[in-house]
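Got some structures for you, see below.
Each of the two complexes below includes chain A, the first together with chain B, the second together with chain C.
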Partner chain A sequence: MSRRRATISFVVVSLALVIAFGTPAISQTPKAGGTLNITQREDLPQGFAIHETSTISTVWPAMPCLNNLVLFDPLKKTESLDTIIGELAEKWSWQDNYRNLVFFLRKGVKWHDGQPFTSKDVKYTFDMLREAPDAPAKLRINPRKDWYTNVQTIEAPDPHTVIFHLKRPQPSLLMMLASGYTPVYAAHVPPANYRTACIGTGPFKLKEWRKGEFVEFVKNPDYFVKGRPYLDGLKYIVIAERGTRTAALQSGAVDVAFPGETTKTAAEQLKKAVPELAVTPYSQNVNDNIIMNMKKPPFNNAKVRLAVSRAIDRRALVQAVHQGGAVVGASMAPKPHGFWGLLDRDLNALPGYGKPADEKPRAKQLLAEAGVTPQNPLKVEMVTRAIAVYVDMASFVINELKQIGIEASLKQIETAQWHATATRGDYQIGANLTGIGPDDPDANYFENYACGSPRNYSFYCDEQVMKMIEQQSQELDPKKRFAQVAALQKKLEDDAARPLLDWKLDYFVHRPFVKNLIPHQSIYNFGRMQEVWRDK
Partner chain B sequence: MVASPVGVPVDLVVVGAPARPGWGTTLGRFIRRKPLGAAGGAITAIMLVTAVLAPWLQTHDPIATDATYTLGRPNAEHWLGTDHLGRDIYSRIVHGAWVSLLVGVGSTLMGSVLGGIIGLLSAYVGGKTDLITQRLLDILQGLPLLVLALVMSASLGPSVRNVIIAISIPIIPRAARVIRASVLSIREMQYIEAARALGVRHLRTAFRHILPNTVGPFIVLCTAQLGSAILVEATLSFLGLGIPEPYPSWGRMLSVSAAEYAQKAPHLVLFPGIAISLAVFGSNLLGDALRDTLDPRLRGSR
Partner chain C sequence: MKSYVAQRLGIAILTLVGMSIVIFTLLRLAPGDIVDILFSTAGYVNESEKQAILKELGMDRPYWIQYLDWMRQILTGDLGKSYRYDVPAWEVIRPLVPVTIELAVLSIIVAVVLGVPTGVISAVRQDTTLDYVLRVLSLAGLSMPSFWLGMVIILGMVSWLGWIPPLTYVKPTENFRAHAIQFALPALAVGYRSSALIMRITRSSLLEVMREDYIRTAWAKGQAERVVIWHHALKNAILPVVTVIGIEFAFLIGGLVVTETVFNLPGVARFLVQAILWRDYPIVQNLVMFIAIVVILSNLFVDMLYGVLDPRVRYGG
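For the complex of A and B:
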């Protein structure tokens, strides 16, 4: 072949490849400037006080104002120990076989009011969270106190070093510290102030919170990451009604949806109406579950709880309530969305996860053994949060319970009262959603199943389970830990501690010009907005 | 036999008022004179029958979900289709009629009776009592019906009983005004004066001799308020402050997820919307016709 023919052949083949596979992707250079209009599903229930809430309604709009020690990389979809990056901590190091965690803090970081950030702020925040005897401040509500039960002391030897001394090894502590639920508060600001204002170190400073209408942030010019954030500002617009939110996305009144609130059907509708919208399906790390108050009859009877669990057809719920936009799983997010999920074979063997034709008669039998008969029916009041996704689930469950002879009425509770009601145990049975910060057993089990945890709404307390939780937490061999977590999941469903129904998927929607806003495998960890920019 | 002054035997003279026409005749005359009102009456009657016979008219359990047929279009099994949870819309509308009627009639009666008693006593007693009562009612009437119902419902919480109370309270001042106006004219009549002269006690005079004569305005008031009450109930339910899920209510059927799925399954909003419109339209037509018929100043108007 002549040299000329070879050159022509190369050019032709190259052109053919380009035509066949398109032009190579060109990485875009981020542009600075502009404001994003972002959906907010309800007014901020506790202002910006992330440590006093357990809802995305607070975490989503408060995250841009604050920083963690470490955070899951906003540009990576998957969350694991390998995707954790430093925020206020520049570096960190495990010492003494996962018993001491040392953080080396950034220098020159300032709070939004101009005060310097030091190790004192870190010690103050985490002593307050773990309710240390000498903690200088106390939170009104401390839902994730049990995340830090293994922390023995926190030491701040100099202004830029902090050491977490642990009682026993706990590699997962870093996962919890990387969650959006774990910002560092300013030591010179009383924690109650975060309910109405936000003094953080984050990429955006609070400009205005007009209650029930919007929250507005402006760029923090002194942000410690040079060149960030790209955006000039953020505006979270409160739109309480679900249909109106969809309409706002369709019309362009908002650029970004609220995490966890776009159903599969709504996303399909939006995509049909505005084909250029970006829709990203992802796992929310939020599950639908039933909480039953074990302090009071009738749910102090394990047979009644198990009957409730067996009565609910989980696969039908996924189809009816979520139109297929959820997956059935036990207490850890199922694969491939989560790392710790049970295999299908193990899942189907759990009570309530089998065929409805088999499960419902067994549920009736359990009720009969507990003394519930057609002549002596069980009437209960089900509570749920006054948000459409909760109400839909509760409506479905009420019908399922009716089929085994439990008559339930529904009481809707506003968000502001919901967590307090559940924590106090002022209910019989509830249709609940539980969001787990990171996909990690420690974050889930210490928070939701440990004896005495404020988020253990069912008041389930089992000595064996507590041992199993502790055991998996300090296990350093990943395979052994996986097996221990599987056993724990099985035990919890066998006890109907908090029957799991499904794990929700979200169909996150934003305008095509919104760049670098990447949903993770949990709705709670990607709201910092530091890397987000507008291609417009 | 005694002869009459005109020479006709007395036992042949027909004395007294002409015989009262029967119900059939009255109804026939009403239909001829007020065909629109009759149509309204028919719609209201159909709604009443539907509400009472709901358990027999339903084709499915109104709260039963069906995961295999969500957002289903109307067909032979589900006449008006299914909602996002697979619940039969026809059965929910039929049961929703009961809820709407219960709330509509309950709140109208409660508000009208309470308002009527206040209006009666206020007008009968008169003086400062009347003045103070009317100013209080002015304040209450100054608040829009929906706003007042929203505040009441939000503070009392969503339940059938609370919704009835929430809607009835704004009706009170309207009813009080109407009944007061009637009582003011009736109390000046000679038979009331005669009763007083005979020593009849005040309460007996008010409730035995005046109240029965306000029945006409009362009926008109009730039918006129019925439509508003049904609409307010639908609005409260639409806003999440009405009848709690999963029990069917027309307003809630419009709100819960219907707005989200309206493009994909328009029947979700179409049929409850038609039901609400028909119910309100029917009761308004009937109310107008009754007002024209029972009010002597408007009698004969079309």
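For the complex of A and C:
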């Protein structure tokens, strides 16, 4: 084919496509203006103090006010080292074989109260987070201190440079810094003030927080990204009643649902009622799992733990409890929702992930080896949080355990007592949910499986696993690290450290005119709203 | 009269003191506290950090000191600080009060406007088709929880009109029409249930009075039905109805939890439940005291009203 003919063919095909599908490039040009009404399922539990909480109820409405050093690209669904973009850091560079992480900060950035942003703010924030001996401030509650155990010192040689000195290489530190959990606080504002107000550098400034009603933001005219944000304002409306939330979405009184709230069934019903609604299924990075107290009998016996893991038909649970709105996976979110998930072949070979007809007899065999027989049955108490999503899962698991000869009674624990019960180990076996910030092994394993971690509710502690966690954390070759993480996932399931049941999906709903609000691989990382606009 | 009111107010103060002890004790008996909840949102618990927060909030002190401190705060007009919001409790409570009072008053107005006339008609037309229809309607009102009716109203609005009432509180000075619509629907849902009760009380009370000799005399004298019913009978039948209205109003101040939640109205009852879940003691304690004060005052008001409605009622010293 001659070059001219090829060019003509290309033009003809392009024109045909444009005629067939319209002109997306033109219609998708962002428009400025308008306010977005966004659902908030409860009032902000800790105000805007993201560093003092783990709940999405704080992270979601507080993110627009703040900025990170780096952030997962809001326009990309995938979260990885390749999709991290600069926010307060214009550039960054690894030095000394990944032992020093140098950030070059943007110039001319101002806090919402007019004070200049400098490297002092970054050092202040991260010294406070890692509880450095000379930290100028202390958080009341510091749930992610463990993320920064590898940071030795933080240096601010000039107002626009910050250096994180690490004890050992840790390439995925960037992943944690890019999470919605990791904003930079202002050094001149006491951390307690973020519980009632928000002085950030973010695209939106706090206008009003009417307790129990709404949080309203207005566009930050001094935002450091030219032309952003597109919207004039955001209004997060607190709607505590689930039925009213659905009605509000259906009627158009709100434009965006609360992340992590819409089940598959609810999304289908909404779509049927209002066909033009946009529904996007994505992984919340929240999993259902079983915690077994290894400090006490009978779950200090690995065979009993493994029997429990093998007894639970995960695929049936996904159908029965989540109506298909979840996916089966090991300790990292499965593909295509997560990057690190095991291949189906490897997953199906793990204990508990095979065919129920094969798994249940093996579970009974393991129990028999542990001395549990019909004459000597095992009676346990299963605890769970007194919230429907927990109780449904626990009830299903109890029924599965019954089939292999474990008699479990259900004890519901009120939210106020739930984490205290789990952390203290005042339980035998429990049905639990675990949310993970970024889709990264470091964020998950140090927090939930490392010896001595306060969120390691099973008290699982294995020297080999600790070495594997450390090893993958400092591995610089992505392929090697992937293989190491796969081996780690297999080891944890083989040990029934905290048997994973499924990874929940959210069916994120918004009105069709809401553009550039793209759910990521985790509910905690896409709330900045800087790129969002209304096509209306 | 004055000494009666003074006596009642004295008893009210004793009641409030007793109430304060009960609510203070019950809250501390419930498992968990605000610090447990705070850690719950963080997903872990650290004992030393927990102790530090308890100290910061003054919750490490003996209970009796905490109680006396609360009493001192009430007497000085300072309601303490919300544990959850870290702002003065009064700042949190103040905007809630008018919302709930307005909703309760409107609901009672709806209830009286619907309940009293239908009760009278039902009594006067006893055992007719109209009576049966009204009794069925009132029974339906008593059987349907107002929150369920509220949800049906909302879902009906969305399905048929593609519209729901405002989701955030609209002040009457901002937009009176939107404000009126925002309150009209929940007031109808709640008022309908209360009207059913009022209708039944009105009917039974009126039927009893209608059998009295003086009513028979009035009929014998050839007085018009309107005069007999509204001037002679209803005036004497209304006392139990007024009692029920007073009780209903007092109940509504604290009992609108689900209606406020369904219609997303930022009122006392909805907030009280949230505060209980968060173990936000200063908010819970002061809101319960507010509800108790309203109950006591509405009872006192009803008792005072007896004297106006029935001249035979005399207040002892």
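To be clear about the criterion, the second predicted complex is superposed on the first by the 407 of 536 C-alpha atoms of A that agree within 3 Å, B and C clash if a C-alpha of one lies under 4 Å from a C-alpha of the other, contacts with A are read in each partner's own complex, and residues count from 1 in each chain.
In this section, contacts are C-beta pairs under 8 Å (C-beta built on N, C-alpha and C of every residue); 3 or more make two chains touch, one makes a residue touch a chain.
The shown structure was predicted, so the numbers you read here are calculated from the model rather than taken from an experiment.
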item: Touching partner for A:Ala320 - first (chain B), second (chain C), both, neither; value: first
item: Which superposed partner A:Glu241 touches (first chain B, second chain C, both, neither); value: both
item: First, second, both or neither for A:Ser458, with chain B first and chain C second; value: neither
item: Which of chain B and chain C A:Ser119 touches, first, second, both or neither; value: neither
item: Touched partner set for A:Gln472, first chain B, second chain C, both or neither; value: neither
item: If touched residues of chain A are counted for chain B and for chain C, the larger one; value: C
item: Touched partner set for A:Gln428, first chain B, second chain C, both or neither; value: neither
item: Which of chain B and chain C A:Gln484 touches, first, second, both or neither; value: neither
item: Partner chain(s) touched by A:Thr263 [first = chain B, second = chain C, both, neither]; value: first
item: Partner chain in contact with A:Glu213 - chain B first, chain C second, else both or neither; value: second
item: Chain B/chain C common contact set on chain A; value: 241, 243-244, 273
item: Residue numbers on chain C that touch chain A, as the complex places them; value: 31-33, 36-46, 49, 52-53, 56, 84-87, 92, 95-96, 151, 154-155, 157-159, 162-164, 166-169, 261-264, 266, 270-271, 274, 277, 279
item: Chain C-facing residues of chain A, complex; value: 42-43, 45-47, 52-55, 57-58, 140-143, 192, 195-196, 210-214, 235, 237-241, 243-244, 247-248, 250-254, 273, 414-420, 423-424, 435, 454-455
item: Chain A - residues contacting chain B, complex; value: 241-244, 246, 263, 265-266, 268-269, 273, 313, 315-321, 323, 386, 388, 391-392, 394-396, 398-400, 402, 409-412
item: Residues of chain B defined as touching chain A within the complex; value: 61, 63-68, 70-71, 84-86, 157-158, 240, 244-246, 255-264
